[in-house]
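Common to both upcoming complexes is subunit A, partnered first by subunit B, then by subunit C.
What follows is the complex of A and B.
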């Protein structure tokens, strides 16, 4: 990446972060909603630890992946909506008249997603530790956990960018929220895959890449160092990033051509 | 004469004739709007999705020692999904009222109506019709998913509770929407409804809950309605009378709230 492009990306990335931080409603939703679901699920499903073969005695530890993955989703939607608003408001068009490269806008948006993912990861980790989540992999595992959260946010962010560039409508991006939400719930987010009784649900969860992102994060919390879960988790994160960024780049080219 | 043209044709302002005439016209317009716009099914989508995710993904939870619901996990989750569908039906009616104020339609409606309480009644009636469809959709999905109701005539108890929850949610949403009169009412309607639904025994019966949620759900009126609804569905009704009392009390408490919202809208002009 040339230094000019890097400068452009850093400027637009800063803009993206500042813009998000200046919307208290967005920040509150991005932090409070995942925490609320975490609190409800962790307490409401605590009895599931009594199932034979459940991998941990604490559902609080088991459910800790939930706010991290859900927060990545919120970040992606927020960034996608902001990018769509840039298109709707004409900022994108004005930018294309300047020497600034359009790819910098995309890069800036994704840098903002990663920054938000970092903020969310650190906040959730701090709150998790405060309420008694026990991270079996220790401090190094915590760093890796935040890294995987950021990569997940980047992967979802790429999907948000595709939607924004294809539709150019903030409302359309926002209305895609249930689809992402479905992807999270149709995974192993609430129970380990081997304890899911329904064959059709287990099959969907096995095919759903979100399961491996969840299991990668979860392994650092409840198991310690599980190379297979981590390879699958990081592999899925990088795969999602590669596919979504390729899609976003193609969508950007299409948008620029119109 | 069009439905809205009927608004002022009732008897004198404030009479019962005016009330029902206005209510009928508003309800007809709302129902027409719902059924000519596929988005009216939106309140059913979230409950169906949660039903599939929870009934499918968590069915082994019924093997937890102490899980005493005899109707099966699909039925256990269905009652919560049904109550969610009817409560969201009320919330979406609130969004619709806020939209009517934003577009200026509600202002014209207030000017034309011979009895403004009829507007409120009309929205409630329309919400019941809408919920009958979305609740029916959730029921069909549950039946396809393997739910086998064992309640017989007790099922009417579940239907009655669902109806009261819908009316209560509609009155709550209408009050908020009429006080704020903008789309910003949306989160203020949706968030408390979601909270009251989730701070209840969603995944396991009340006796298996531990920690803060056990205390919170024991104080949550929705818990009594949910547990009684599950009892009606499984043919083992317990606490039905108390649940009906709670639901009727919620409706009675929310009527003044909705009328307060209506007066706020009247004062705003």
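What follows is the complex of A and C.
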């Protein structure tokens, strides 16, 4: 990466982080809601650990992937909404009038998403450890867990960017949130796939890449080092990133050409 | 960077929108280096669409445009490196401070770290935002946002500056300050300015030459003096003391020229034989025992030019938009008598 591009990405990334941190409402939502869902599922579905074949005795450990994946989604939607508002408000045009390379715009936005993913990952990990989540893979696993969370945020961030660039509407990006949320629930987020009784649900969960992101994160918590789960988890994350960034780059070219 | 350069050359520029009207319908114009060109027209005339094309933000449907010597369709990056633009809405991030905006803009333009700070401080000083530099922009007034917008457009010392309705919604003081700065840029730094406006006074005060656009076509072009000279003759407006005398006053004045739009209760005619008719007008009114509260001789204005070319008045055509954007306490029309060209460009 050239120094000019690096400067552009770092300034745009800084702007992305700063403006999010200066909106306490956004930050509270991005931290509080995932924690709330974590608390509800961890306490409400605790009896699931009694199911034969359930991989852990602690649903708290099992559910810990949930806030991390959900937080990635929150961060990505926030960044997508910000980008769409930049388009609506003319800030995108202002940036387009500079010698900024288009890739810097995406890079800056996604650097912001990753930075927020890191902040969220560290906060959730700290809270998780404080409430008794037991990370079987130890300190190295924690680092990998945060890394996978950041990559997941990056992949979702690319999808947020596609929506923003295609629609140019903050409302349209916001309204896509329930769809992403449903995609999370139609995965192995609440139960291991082999314990999902309904055939259609199990099939969707098996086809849903979110399942493998969740299972990769979860394996570090409840299993320790599970190469297959990690390869699938990181593979899905990189696949999602490649596809979403390619789509975002194409959307950006279209947006800048009109 | 501002060193004269090649100005702006536009030939047969057209922009059509899908299922929409032809927003810009074959305009041709030339802006000389170091000139302030006023692009005057009502809302929806095609001013902003023209600016978007000239700044490479919107591709033309047909025609050619060269800005600073570069083709807007084929050499977009070179055009963008040569221009600064403050578009119709002050496009700012409400969560960043003024100083942060300038730093970001300077970094994206490739200024080095020390130069970024120096240029930022210099521009904050110039637009009078030193005190507010570290406050978030969402707390700025409309005038402050416009001034920051102008500073951002100047970060990289552009050769050509595009200002799209820069004073819409500003109070008279902010408007006057912006005019002074624009004049200074041209005079001291040789910046070429392409300024769109719906305010007649703004074009009259600031512009070296004016292009009047209506329904996507340029209907008149020249210096404000040339355009007004085309109309040639002044008008006289009389306001009778008694409202009931208005028709009688109109009959008397009609013998001196064609009646034109006037203030409520007044009668105005374009004098057939120029200002020399004024004494005869007074005598005719006196002979008819018609007493007037006010008798005013008016030189032709750009609105008269607009009226002559399009058959309707430009005055008031932007009122709705003005009122939507106006700052608390600001007057959309500005204080029309507050500035004159000499004062603003001194």
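Note that the second predicted complex is superposed on the first by the 258 of 258 C-alpha atoms of A that agree within 3 Å, B and C clash if a C-alpha of one lies under 4 Å from a C-alpha of the other, contacts with A are read in each partner's own complex, and residues count from 1 in each chain.
Here, contacts are C-beta pairs under 8 Å (C-beta built on N, C-alpha and C of every residue); 3 or more make two chains touch, one makes a residue touch a chain.
Computed from a predicted model, the values in this text were never measured in an experiment.
J.: Looking at the combined model built on subunit A, do subunit B and subunit C fit side by side or clash?
T.: When both complexes are placed onto subunit A, subunit B and subunit C end up side by side without any clash.
J.: Using the touch definition from the top, say if A:191 reaches subunit B (first), subunit C (second), both or neither.
T.: After superposing on A, A:191 lies in contact with subunit B but is clear of subunit C.
J.: Per the contact definition in the header, classify A:177: touching subunit B only (first), subunit C only (second), both, or neither.
T.: In the superposition, A:177 touches no partner, neither subunit B nor subunit C.
J.: Which partner chains sit in contact with A:225 here, subunit B, subunit C, both or neither? Use first/second/both/neither.
T.: The answer is neither, since A:225 touches no partner chain.
J.: With both complexes overlaid on chain A, does A:234 touch subunit B (first), subunit C (second), both or neither?
T.: Neither subunit B nor subunit C is touched by A:234.
J.: Kindly classify A:4 by the partners it touches after superposition: subunit B alone (first), subunit C alone (second), both, or neither?
T.: A:4 sits against subunit C, while subunit B stays out of touch.
J.: Just subunit B (first), just subunit C (second), both, or neither: which does A:96 touch?
T.: second
J.: Examine A:200 and indicate which partner it touches, taking first as subunit B and second as subunit C; both and neither are also allowed.
T.: A:200 sits against subunit B, while subunit C stays out of touch.
J.: Rounded to a whole Å, what is the shortest Cα gap between subunit B and subunit C in the overlaid structures?
T.: 16
J.: Same subunit A residues contacting subunit B and subunit C, which ones?
T.: Comparing the two interfaces on subunit A, one with subunit B and one with subunit C, no residues are shared.
J.: Going by the contact rule set out above, which residues of subunit A touch subunit B in the complex?
T.: It comes out as residues 36-37, 39-41, 43-48, 50-52, 178, 181-182, 185-186, 190-191, 195-198, 200-201, 205.
J.: Under the definition above, what is the set of subunit B residues touching subunit A in their complex?
T.: Within the complex, subunit B touches subunit A at residues 45-46, 49-50, 52-54, 56-61, 63-67, 195, 198-199, 201-204, 208-214.
J.: Taking the touch rule as given, give the residues of subunit C at its contact with subunit A in the complex, in rising order.
T.: 55-59, 77, 80-81, 83-85, 87-89, 91-93, 95-96, 100, 103-105, 107-110, 136, 152
J.: What residues on subunit A touch subunit C, complex-wise?
T.: For subunit A paired with subunit C, touching residues are 4, 7-8, 11-12, 15, 18-19, 22-23, 86, 89-91, 93-100, 104, 257-258.
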